[in-house]
Structure formats: structure tokens, C-alpha cells
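Consider the two complexes below, in which chain A is the common component and chain B and chain C are the respective partners.
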Partner chain A sequence: MKKTYINGVGCISAQKTFDTVFLEEAVYNQNETILSVLAPVYKDFITPTAIRRMAKGVKNGIVASALALKDARLENVDAIITGTGLGCIEDSEKFLKNILDNNEEFLTPTSFIQSTHNTVGAQIALSLQCKGYNFTYVNGAVSFESAILDAKMQIEENEANSILVGGIDENGDYTTSLFKLAGRIKQDGEQPYDVLNPTSTGTVFGEGASFFVLENEKKDTTYAQILDVEIKNTLEENEIETEIITFLNANNLQISDVDAVVFGLNGNITFDSYYTSLAENAFAKTPQLYYKHLSGEYDTASAFALWMASKVIRTQEIPEIIKVNSVEKPAYNTILLYNQLNGKNHSFTLLSK
Partner chain B sequence: MKGVAITGMGIISSIGNSVEENFISLIENKIGITRIENISTVHADVIKVGEIKKTNAELVNELELPEDNNFSRTAMIGAFAAKQAVKNAGITSINEFRTGLISATSVGGMDMTEKHYYDYFKDPELTKYISCHDGGDVADKIAEELGLKGMVTTISTACSSAANSIMLGARLIKNGKLDRVIVGGTDALAKFTINGFKTLMILSDDYNKPFDNNRKGLNLGEAAAYLVLESDEIVEKQNKKVLARVSGYGNANDAFHQTASSENGDGAYLAMKKAFEVSGLKPNEIDYINVHGTATPNNDLSEGRALLRIYEDLKVPDFSSTKPYTGHTLAAAAAIEAIYSVLAIQNSVVYPNLNFETPMEEFDLKPQTSLKMKNIEHVLSNSFGFGGNCSTLIFSKS
Partner chain C sequence: MEALKEELKNKIITTLNLEDIAIEDIADNDPLFGDGLGLDSIDALELIVILDKDYGIKLVDPKEGKSIFQSIETMAAYISANRTK
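Up next is the complex of A and B:
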């Protein structure tokens, strides 16, 4: 069975995650409830007419995928698999508002066309003329992990040698206002929003696009190997540790073999206990990392985490800003990522050098 | 290859609330295309749709959902069909084996979003619906209704979505990642999609007529359908009845245009070619093709050309589109047509391509226009979607 390697990465996020080494200029913003991406120079990657037509999620996806390809020194791939929680929400908002405001009249199709969830995957296929396998997953917090799991299967089954896998989500103004109303996003005026010491429910929201080139061979561009991915819809808080141990055992590993664990802590006082009980017990002696204070919470924020973990394995360094505890290890060869959202859609991803 | 066993099916569409009802409609030419009743739209007198004639209140009642539920219509019909499928497969303990759910949707909870969009800030009672907008909420709700705790995910590749969920499910079983998986898709009618397709000018004001020279576009529909796939180990251990098998699948991208299909149907051709490679079957072993056949000028031309490319100098087998019965049910289309394909195998029948009159001038392809009884070993089913997404499934007699 072929192994799956991360051979190229591209990340557009609320931080400087391109044209930098590794989060050396990262900023922990504790005053905003919604973080926006630091936009790249789109015209370096996309034609001006396309820039005007495309929503930011599509643009960020195209740029992130181009960065990943360049990083992997590849021109094309055999397959494209994306994950997105809310899809092209800006275009969805725009089309829906036009319907409601104009009583279903005087509509133009552009925003409808671009509102479909697979727009990013389709646009990348179009620009690369990639006629291979092209899937898009939309299942909340496991959208991106579904894409990774699928890609890993494709490589193991010998159906593809190289695959672009990405997680993309964009903020839509009206939708974020609804999320605030529903309590999914933290209320204004409750600063500082401290992810490690939360005092309220909801989260600081964000957006981003992270792409990875996965291949079936190790190259000098290789960051890490993806050992395994697991998705579980429903787990009780007291079942997590057993689940992780079983997952590690299936890969001939134990908790003590894990050199760093990446938690999806998002500062929601109601659900962060899923991580903190692990942090205080099973992983007390393991270096613990977090990231949503930098990326914000969004359905595919875990793709930012994979980018981060890949960088840790490549550089063998952990930037201070992502450390939860002060535990250190002589080498960072095996990293476990655990994410969930509101106690549902749990994912476990295992990387090794 | 032997293919992955299908052991259960469940469906709700405009032509019936069960597998049996759908089959009767198919063989008795009972179509589900009518004027729209459940959604108020300015296009009501112009368009015809394949609408499930159950109101949301009726669905809440039948599903025995609590009063304060926040199910979108998409989730309700999805849960309705998925429960049927699980029951049909004789599953009583859903988490007994490694069981997954791979769903598909294009609109998700848009039906609730568009209904309440501007009222959310006025009426606190509506707040509960905000979280049901996204596609994944539908699968989460179905999983909850089934009591399923394992792997749950959703595919959204527009009108080919459910074909891809069946494909992924079959691969997960083949790979040994799951023992059992519920696959399919669900999409409720929404103003959003009605107006979207309307602006693209591909909605017919008449009954859709696939592969007809004078076709004017599609009728939208709503439906949900799920199939249960199980590993051969479980089938043997539990002595399960296998309804048919998923023997081939292929997905490719047309890489031509965000919404239009290429003239030569490159993506469709590649998807069919891959499905034949996976199944080990040859094109001439297919007894019936359930075409995508949306009755848009673009789809039928592109799909027809792809079929002619696959069959080269061979005769294209009996084919028909079942969309004149149900309308185009978007992300659910490939799932309801998967069930129709299995029923074709089980009952040795080719369904008629209703409303067909005049062959297309571009090529010599004529669909089957009347009910035809014959032995069917293998059915090929096509589904194509926006974003150039092309998928083919092959179903075989067990």
C-alpha cells in the first residue's frame, strides 16, 4: 500500500502564512470577534477580469492551491479534493438577497453559478485543465478531514499519484451577523477574547484557504507523512481518550510516542473541556499546540492546523505563539491533531516525519 | 469485480413515498410533475416541478419530531428516506458494526434560510434555524435520527452529488474502512434553486422531454434517497439478501465551464470509461443506461455525444431518462436513479423516456419510449453537475 506524503503547502489566513518562514510575524488579536484573511496580491495569480468576478473564497482557494503546487514543484495533479463548511457564502448571500429584495425578478445568474459548494474545486480544475477526480465535502468541522481521508484512499488504491487537497471558507457579512445572533460568534464588547482562558460561549470567527499537495512518494519537498485520519460524528467527552488510544494503537503508537498534540481549542467555554481534560491528563507530558487564536474558528480551520503541524515537522521548531504548555521534546516526528466543533464532528489526524 | 452489496433502499420523491410506490409510478407512467404548492413564488404559474406533496408540518408529524425541532425540509425528507433504507436492510442495531453515513446535498437548509432570512433579527423563535443552513447539518440530523455515531460526511458537487456519495461509500467498504454505510442524497425545492435555474434559462415551462429535438429545459424536483451498502463479511454472516451490487464507478471533471458541459462530453466520456475500468465490464455488457438526461439543450447533446464516443461503432443499449417522472432532483438525483437502476435489475424492466417525440438532429440516438421487459444484468447510470463534475455508476445483478 502506497504511503501519503505532504509535498507542498499553501496557506491564506488571517496571519502572514505565505512569503514568511513560520509565524514569526503572527499576531494574536484578542479584540475582534471576526478575523479576516490577509489577502495576497491576487493579480499575481488570477487575471483581472476573473478577479472582479470571483468571490474571495474562490480567489483565496486558487492562490493557496497555486502556492502549494509551486511548493511541491508540480505543474498539475491527478485529482482535486476540497472541503468547505459554508461554501461560497458571499455569493449565496448575494443571490438570496437579490431574490428577496426584488421579489424574484431582475436576477442575473453570476452569483448563483458561483454559489455552488464545488466552485473552488471546479475553478482550479478549469485553470489547470485537470480532468481527473474532483470531489467537494461539506460536513461542518470534518469537511477538510473528509477530503484528506478520500485523498489518502485514492493514493492507497493507486487511483492517483498526486492530489491537491484544500479547505476553504469565507466570511459573509450577513451570515456572520446571524452567527452572532445565534451565539456561535462571541458578542462584541467582551474583550479580551482569550482562547486559553475563556469566559464566555461562542468563538472568534475566521476564514481561510489552505491547500496541500499529497503524493505517493517522498521527495526533497516532503513535509510529513499522513499516517491516518479518522472521523467520528458523535463522541461523549469521556469517550475521547479511549478513542485516541485506539486510534494510536491501530497505528502501532501510544500516547507517549506523540511528540506534539494540536488541539482545536476555540475559546468556547461550553465545549473546550473536550480538550482540556485531555490536556490535563492523557497529554499532560506532551507538548500541546493551539491555533484558532490565530486563524479564528471556521469549519475548515483544521486545514490551518495541518499546515502548522507540517511546518513544525519540517522546521523542528514550535513558535512560542502556538504553545499551550511549556513541555518540550528533543524532536517533533509524530504529531496528532484533534478537532471537534460543539461536541460533534470529531477528527483525528496523525502525521509523522 | 464482484461489486459492493446493496442491502437496503429508501426513497421519497414526487412519484412516491416508498420504493414500491416509486416503482409502480415508473411502470404505470404516473408522473410527479405539477404546479408548485409548498413554496410561494412568483414563478408558480410558469414552472412545473416534481414536488413531494407533503407539507413540512406533515413531515414533522410522520417523523415524530419534537415541536421545537429545527429540521430543514431537506433534512426531513432525508431522514424519512434514510430511516426507510435502514429498516429495509433489516438493521436493528446501527452501531453494531463500523457504520457510516455519506450524504449529499446542494441546498442544505436553504429552504429555511430563505424563508426567515430577514426575520431572524425580529423573531427570537426563529434563531434555532440559523444553524441548519449548512450542508453538514442535514447529515448530522439524519445520523442523529438513525442513532449513528460513526463516520458521517456530506458531498456537494451539485447535480452529481449523490453519485459521488455512493462512490465514496463503495470505496470505503472495499477498502475495509467501514463495514456498512448508508449512502445517498437529499434536496428540497427552494426559491434559491428555482430562481437560479430560471436565470440560467434552463427551466422548461412544459413537461421536460429528454433527448428530444425540441426539448426546452428541465423541471426541478425534490427528493431524498438512501441505499445501504454492506461488506461481504456481514452479508455472509447475517445471510443478508443482496438487492444488487455497485460494480463500477468513475468521476471526472469536464474542465470546460462552470455550468455548461463541453460539446464532446469529455468529462462524461472519462467518467464512463473509468467506471468500465473499475467494473471490468465492457460497454456492450450494459443492458440499460439511466441517462442523466435533464432535457436541457446542453446536457443531452453533450451526454449523447459522450455515449456515442464510448460505444464507438457498437449500438448504444436501451436508454432512458427518468426525469420526466420526477424532475431533476439535483443532489438527490443520482440516489433516486440508483434505486430505479436496482429496481430495473430486480424487475427486468427498462423504463420509458416519457415525452419523447422527435430525435435530435445532431445524432442518431433514440431513447426507449415504452416500458420494455427484458433481462437486465448491468445498468449504467450517469449524473453530471455544475463545476464540470461528471459521475458514472454501474449496478449489477447479484
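Up next is the complex of A and C:
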């Protein structure tokens, strides 16, 4: 069975994650309830004719995938697999608004064709002329992990040698206003929104696109090997530790072998206890990292975490801004990522040098 | 007629998201498709919707589109002659 290596990464997020080394320009914004991407110069990557119809999620996905390919020194791949929670929600909103505003008449095609969840994967395939396997997973907060799992199996089974895998989500004004009404996004006026010391329910929302070139061989450009990925849709809080131990044991590892753990803490007092009980007990002696204070919460925010963990293994450094505790290790060779959203859709991803 | 041409240029720029193009960049006789503005078949559908929604003109024969959407000049002339609103 072939191994799966991360050989190139590209990330567009609320932080300057392009044209930088590793979060040296990161800013922890505690005053906004919705974080927007720090946009690159799209025209450097996409032709003016194509760009005018693209919503930001598509543009971010294309740029992040181009950065990942460049990083891996590849021009094309055998397959493209994406994960997204809400897809191209901006164009979906536009299209639905048009239907209502115009009484189901005068419907234009542009926002409709760009509104499907697989638009990003399709546009990347078009720009690369990649006619291989192209699939998009829409599985809530495990959309990205589903994509990674598929890619890993394709590589292990020799179905593909190189795969572009990404997680993309974008903010839509109407959708975020509904999330705010429903309490999924924190209420205005409750600043500072401190992820590590939350005082309210809901989260600070965000958006972004992170892409990875996965290959079946180790190269000069390799960041890490993906050892394992596991998805559990439902788990009780008191089952998490056992589940993680079983997951690690399946990979011949113990908790003490983990050099750093990345938690999906998002500042929601109702559900962050899933992480804090692990942080205070099983992983008390392990360096703990967090990221949603930088990326914001969205269904594929865990792709930002994978980008971050890959960078930690490559640079062997942990920027202060992502540290939960002050525990350090001489080397960061094995990293565990644990994410969940609202107590559901749990995922464990294991990386090694 | 001049006001209508100006209005059409504005609508085309906004509806088709022609970000880098200003009204003064579009000459009345510039071809809208191909070498001129470089519009494509999806844009043609958007133009058909503009005719219907804003000027009450329904194009029944798609072949007509080729001559109507040749330039701003031809579009404005067709709209002036056929508009119902």
C-alpha cells in the first residue's frame, strides 16, 4: 500500500497565508463576528475573462490550488477532490434572490452555474485541463476530511499518483445574517471575542480555501505524511478520549508519542468542553495548538488546521499566536488534529514527518 | 437615443461584471462579441434577459440575436423600435 505525502500547500484565509513564511503577519481579531479572507491579487492567477463571473470562493479555491501546485512543483495532477460545507453560497443567494425578486422570471444563468457545490473543483479542472477523477464532498464539518480520506484511499490503492485536495467555504451575507439570528454566530457588541476564554455561545465565523497536493512519494517538497484520517459523526464528550486512544493505537502510537495536538476550539462555551477536557487531562503534557481565532469557524476550517500542522512539521516551529499552552517538545514530528462542530462531525487526522 | 446607448453600456458593464471597462471604453459600433468586448454565449443569455426584463422585448427567434447584439448601436436601434416599457 502506497503512503500519502503532502507535497505542496496553498492557503487563502483571513490571515496573510500567502507570500509569507508561517503566520508571522497573523493578527488575532477579537472585535469582529465575521472574518473575511485577505484577498490575493486574483488577476495574477485568473484571466480577466474568467474572473468576472467568479464569486470569491471560486477565486480563492483557484488561487490556493495554484499555490499548492507551484509549491509541489507540479503542473497537473491525476485527480481533484474538494470538500465544502456550503459551497458557492454567494451565488446561491444571488440566484435565489433573483427568483424571488423577479417572481420566477428573468433568470440569468451566471449565478446559477456558479452556485453549485462542485464549481470550485470544476473550475480548477478547467483551468488545468485535468480530465481525471473530480469529486466534491458536502458533509458539513467533515467535508474536507471526507475529501482527504478519499484521496488517501485513491493513492493507497494506486488509483492516482498525485491528487489536489482542498477545503473551500465562503461567507454569504444573507446566510451569515441567518446564522447570527440562529445564534451560530456570536452577537454583536460582546467584544472581545476571546476563543480561549469564551463567555458566550456561538462562534466567530470565517471563510477560506486551503489546498494540498498529495502524492505517493516523498520528495524535496514534502511537508508531512498523512498517517490516518477518521470521521465519527456522533460521539459523546466522555467517549472522545477513548476514541482518540483507539485511533492512535491503530497507528501504533500512544498519547505520549504525539508531539503536538491541534484543537478546533472556536469559543463556543457550549461545545468547547469537548476540547478542554482533553486539554486538561489526556493532553496536559502535550503542546496544544488552536487556529479558529485566526481563520474563523466554517465547515472546512479544519483544512486551515492541516495547512498549519504541515507548516509546523516543515519549519519545526510553533508561532506564539497559535499556542494554547506553553508545553514544548524538542521536535514536532507527529501531530494529531481533532475537530468537531457543535458536538457533531468529529474528525481525527494524524500527520508525521 | 444617446441616453439609451449610455444606459445600455452601463447595464452591460454592471450585469456582466466587466470590472476593468468604463463606459468611454465602449464605442457605439464596437462588436460586443468576438474581437470587441469579447462577450460569449453566457453573456448573450444575460443580454436577452436585459431586453425582456428592462424593455419588455421577448426574442422569439434566437437567430435574430446575432444582428441585434452586434453592437451598442444595433441594440439601441432594436430596443427603440420594439420596446414595450
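Operating definition for what follows: the second predicted complex is superposed on the first by the 353 of 353 C-alpha atoms of A that agree within 3 Å, B and C clash if a C-alpha of one lies under 4 Å from a C-alpha of the other, contacts with A are read in each partner's own complex, and residues count from 1 in each chain.
Going forward, contacts are C-beta pairs under 8 Å (C-beta built on N, C-alpha and C of every residue); 3 or more make two chains touch, one makes a residue touch a chain.
These figures come from a predicted structure and were not determined experimentally.
By the document's definition of touching, of the two partners only chain C reaches A:R53; chain B does not. Shared-chain residue A:D150: touches chain B; no touch with chain C.
Of the two partner chains, chain B and chain C are each touched by A:P109. Once both structures are placed on chain A, chain A residues 105, 107-109, 113 are touched by chain B and, in the other complex, by chain C. Touching chain B in their complex are the following residues of chain A: 80, 85-87, 92, 95-97, 99-100, 103-105, 107-109, 112-119, 121-123, 125-126, 128-140, 142-143, 146, 150, 153, 156-157, 175, 178-179, 181-182, 184, 230-235, 299, 344-345. The touching residues of chain C, counted against chain A in their complex, run 15-20, 38, 40, 42, 45-46, 49, 52-53. Residue ranges on chain A touching chain C, taken from their complex, read 48-49, 51-53, 102, 105-110, 113.
Remark: chain B residues 41-43, 101, 105-106, 108, 110, 113-114, 117-118, 120-121, 127, 130-131, 133-137, 139-140, 143-144, 148-158, 164, 168, 171-172, 175, 177, 191-192, 195-196, 198-200, 251-259, 266-267, 270, 385-389 touch chain A in the complex.
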